[in-house]
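Below you'll find the structures, each written out as structure tokens.
Across the two complexes that follow, chain A remains constant while its partner is chain B and subsequently chain C.
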Partner chain A sequence: MNLISNYFNTSIWTIVSFILVIFLILIPLASFLSYSFFTVDGTDIIREFSLFNFKEFFVDEIYIRTFVRTIFLAIIVMTCCIILGYPVAFFLARYAGRYKYAILLMLIIPLFMSYIIKIYMMRSILGYSGLINKVLAMLGLIEKPLEFFLWNQNSVIITLVIILLPLIIIPTFTSLDKIPKNIIEASFDLGCKPFQAFKYIIFPISFPGLVVGSIFVFILALGDFVTPQLVGGTSGFTYGKIIYSNFGMAFNWPFGAALASVLLFVSVIIILLTNYLTKRLNR
Partner chain B sequence: MSEILELKNVSKQYGNTKVLDNINFKINNNEFFTILGSSGSGKSTIIRMIGGFTKPSTGEIIYENKMINDEPIFKRPFNTVFQDYALFPNMNVFDNVGFGLKIKNINKDEIKKKVLDVLAVVGLENFSNRMPQELSGGQQQRVALARAIICEPKIILLDEPLGALDAELRKQMQLFLKEIQKKIQITFIFITHDQEEAIFLSDRIAVLNNHKFEQVGSPKDLYYSPQTTYMAKFFGECNLINCQVVNQDTNSIKVKSEFGDFVIPKNNNVSHELEFVYGIRPEEVKLVNKNENSMQVKIKDISFKGSTSTINVANEKGDAFLKIQNISSNISQSLSKGASINIEFNTKLGSIFTE
Partner chain C sequence: MTRSENFTKYILAGLTGLIVAALYAPIVLTIFYSFYKSRKGKIDWSSFSYEPYTKLIFERQILESLMNSIYVGIVTVICSVIIGFYFANYYHTSKSKMKELLQFIIFLPFLLPPIITGLSLLIFFREINLPRSLNTVVIGHTIFVLAIVFKIILNKLETLKPSLMESAYDLGASKWQAFYYVLLPNIKLSLIIAGLLAFTISLDETLITLFLIGNDTTWPIKLWAKMRVGFSKQVNASVTLILILTSLLVLLIASIISRSEKKIMY
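== the complex of A and B ==
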């Protein structure tokens, strides 16, 4: 009896979750993808199959150039996040003792804040009359405001790194924190010096967590369009912003959808590739 | 036998809590030495101090006549088998076992040869590509042991290695450990809370009670000549009888007890004590015909255990009790509750406690 009701319950939930996935994710995605095969005439969408949009993407080199540049931008953001995030996660997990969860909570709190507010905040820190320039001017180190921080690629990178940093710290911390103490002791017992224990034991065990965090950061940085819009100025143009303007300003939904499809395709490839490589590395 | 390790006046304190109080012992080469104690008695702390994971608050750890208190873990020629195995989850069995050699920069071919040899010793030659998570508890245990053995340490420290295994597997692993220790000729320091396990495996046992060593000796020593009443009750059962010395000569003492008078062989160090506790194992109490050394007691109850029976008896006044074991059931059948019988102690195997 119990078994039957259990079975019944499980199968109902399985069906429900499938329905949710199909109706809330797959169907909208498919309809969105189908738009990429349409074309526009003025403001009307012509619903006929055409590869025009994709041709356009490959022919006009500005799109591919922006795309490649955005990929580089995302790689830089990801690398910065790894360099800054891993040590934080490491010291948090290994040395923060009983304060570690309190500190972790403080790192998570910004995730509850609106993304837009955080970007504006960064703008007020990086801007011409922002915190950094004011402090430097007060100290007499500069005469006129530095332009290094605002309305360019640098500001996009700095802002994205700061906003996305918690996303790499959390999974890395989790994978480091669950390494039992006695596994590290065992490595010392077998002759490891501290650096060797890190190299052969701690880092490999935390690696999958680092990869998950890195993928989060990479994908989010790749598709982001608000940050370049608000702090990027004219030279901080990214692929995400092009997509956004095709939907918002140019009213060319089919072309926007085509650009987004390319992005989605590349993202999925990257995720699958990392997944495969991580598994091979762990063998 | 040569001595390999010594702990001299070792104490350990965490803040105000004393975990170990003045521990002294010596371990011989190739010995199977067990530290036996209940959980929280500080037994793991001893092994962790020897391994180098924690330092003694006071006292010295001496390895081959050299004080090693400050020697870092990775320099000590000891390897540990951890309670929950502590296998590296990111490596397969082969890499786990070969890890100690890899750290020592030994070349790959030699590592391969040695790992396969050791895996054969522990009976896991077909498992070298498995990940630790894919192994049963007993197999993980063997990998942990192989990982320690391959480094050819002078001492292997085993921290309750069988604690997590079920009873059946535990028995198998005990046999396995005992055989392997004989085969590889390495000193084992073993920790357990299980008395039977300790008796079965060990050359010598140290019993830890209340943060101190109660007694150190071979299993037979601990059973037949316990030095304290705690020890008398620790292994098996023991009747404890309050005695007063009536008179003594050069080789015997006559004592008075609640059960009557009896004579025990004289033991040098108690000659001047007038009162002491006498301990006698239930199986060393004999039923006899009345004679000048026998005591008369009343049967309280008889419990049938198959070929033998256990009898509880009381003295004439009924305020003191004794347990008698291993009475042939042929004899116990002819006895009945309330009847009077004569008993005698096998005084060669009794113990005197003067504390």
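== the complex of A and C ==
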């Protein structure tokens, strides 16, 4: 093995790759963090250390309120994904037999299909004269079209769940699929009821996979700014959308950077916490 | 199987079916609207035509954005596979503690919300006075997919026996020969899988691209811009074509993976 390492490690390309990582990942992150301490004057950026942006964040309660609301939104999306995704992963791993990989593939493909299109089409599914309302009206269940689906928080939640659901199914399935059948049979032989087998054997083994998927869903839902923009209307705006608007129309990059650094801080804490928890569970 | 277990099985199968339907509903609807017209929410069943597909040839803007996306995808694949390979090789062969830190850094853009990666690169490019263009988009995509590419190649390298390369050297192969005739054929499939995956992700990447795009547009950004005025049937047609392309890519990846798994058994 030394021979390969001698060749590749001393190669100029390895050094170049290292420099690339530092230049393309670490320095951008650092420059973004340092921007959050700058301020603006008109269109000029004043490069002096100041905590003005963070003061603004804590004083004007709309930012904190939106942030907390977005966290709740992400938690709701994550919970919906767990409630819908876990049974599907369970079904695939335990009952789908030789079709399990085919169905899994069917669930993975939409993940790579146009993100914008999915959001756009959700509008014509959820909308006033959309698919859901039409089907419900056709079945005679409603007389007037329902309105709580579009241009609010509900539509953002539904759309995000549809987009992010495969992300929770894949890792959960992988960890459920690893459970040998004879372990479960052994538990039945030892007098376990099906629910007990699930509670004490299946669920604990699948838990790390579920956590990984949940964190992906949570973080992506937390930072999304396109979905709320397109289906959220006026009441459905999220923290990500506020950050994005500071880089677009409002053109207050330092303030946008400060808001984003709060998001970064929370995301990093969540990632580290999950890392720690899964390591402890694996022990 | 007990009766109650049978019951759970059918309930779960039903739920799975519903979820597959929900995931595909937006996609099926797009394909549908590329063939049929709807007026005031009512579908005109007699309006079937594939004219939008032939008219697509005249939509310069859409075609240009498609070409841009394909360009960005290809360059992203080349960059990410080369860099990913060197990182994976370094991680696999090095004994230093730095490598854990390195892995953590590579995974950052993948784990953090895309908005953070996008705007940190945006600020960085402005600081070094690099104007935004398709090339800045390539950089953004490359560091985003790097973690996946790195992991796929690393997984493959870890299955190889150290004796493989050693025997190549013992038999008198030069460094380059050992790489080209021994290592490369063994990891070829993982490089292809990683590249295809990187291309598929790059083709649809929106959140990072929105920050890094200059005057040219990639295909998802074009869709985002068109959305305000509503989609023409030609847009729906272009979406359908891309959907077919991505599905084929994913199926190709899956078939390569399952075939290479069978190979290992021999």
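Just so it is clear, the second predicted complex is superposed on the first by the 249 of 283 C-alpha atoms of A that agree within 3 Å, B and C clash if a C-alpha of one lies under 4 Å from a C-alpha of the other, contacts with A are read in each partner's own complex, and residues count from 1 in each chain.
Going forward, contacts are C-beta pairs under 8 Å (C-beta built on N, C-alpha and C of every residue); 3 or more make two chains touch, one makes a residue touch a chain.
No experiment lies behind these values; they were computed from the predicted model shown.
Peer 1: If chain A is used to align the two complexes, do chain B and chain C fit next to each other or clash?
Peer 2: fit
Peer 1: So if I put the vertex at the Cα centre of chain A, how wide is the angle out to the Cα centres of chain B and chain C? Nearest 10 degrees is fine.
Peer 2: Taking chain A as the apex, chain B and chain C sit 80 degrees apart.
Peer 1: One more residue to check, A:Ile25. First (chain B), second (chain C), both or neither?
Peer 2: second
Peer 1: Between chain B and chain C, which one contacts more residues of chain A in the superposed model?
Peer 2: Counted on chain A, the partner with more touching residues turns out to be C.
Peer 1: Quick one: is A:Ile201 in contact with chain B, with chain C, with both, or with neither? Answer first, second, both or neither.
Peer 2: In the superposed model, A:Ile201 contacts chain B only, not chain C.
Peer 1: Based on the superposed arrangement, let me know which partner A:Gly191 touches: chain B (first), chain C (second), both, or neither?
Peer 2: After superposition on chain A, A:Gly191 lies in contact with chain B alone.
Peer 1: Taking the superposition as given, does A:Pro87 touch the first partner, chain B, the second, chain C, both, or neither?
Peer 2: In the superposition, A:Pro87 contacts chain C only.
Peer 1: Of the partners chain B and chain C, which touch A:Ile116 in the superposed model: first, second, both, neither?
Peer 2: second
Peer 1: Between chain B (first) and chain C (second), which, if any, makes contact with A:Ile183: first, second, both or neither?
Peer 2: First partner only, chain B.
Peer 1: With both complexes overlaid on chain A, what's the closest CA-to-CA approach of chain B to chain C, in Å?
Peer 2: Here the least C-alpha separation of chain B and chain C stands at 10 Å.
Peer 1: Which chain A residues come up in both lists, the one for chain B and the one for chain C?
Peer 2: Chain A residues touching both partners: none found.
Peer 1: Any idea which chain A residues touch chain B in the complex?
Peer 2: That would be residues 180, 182-183, 185-193, 196, 200-201, 204-205, 282 of chain A.
Peer 1: Considering only the defined contacts, which chain A positions touch chain C in the complex?
Peer 2: Of all residues in chain A, those touching chain C are 1, 3-5, 7-9, 11, 13-14, 17-18, 20-21, 24-29, 31-32, 35, 84, 87-88, 90-92, 95-96, 101, 103, 105-110, 112-118, 120-122, 124-125, 129, 131, 134, 162, 165-166, 194, 219-220, 222-226, 230, 240, 243-244, 247, 253, 256-257, 260, 263-264, 267-268, 271.
Peer 1: Considering the complex alone, what residue numbers of chain C touch chain A?
Peer 2: Per the stated touch rule, the residues are 2, 4-5, 9, 12-13, 15-16, 19-20, 22-27, 29-30, 40-41, 82-83, 86-87, 89-90, 93-94, 102, 105-106, 108-109, 111-116, 119-124, 127, 139, 142-143, 162, 165-166, 169, 175, 178-179, 183, 200-201, 204, 206-207, 210-211, 220, 223-224, 227, 231, 239, 242-243, 246-247, 249-251, 254, 258.
Peer 1: Looking at the complex, which residues from chain B come into contact with chain A?
Peer 2: Residues 51-53, 72-74, 78-80, 82-84, 86-90, 99-100, 102-104, 147, 151 of chain B touch chain A in their complex.
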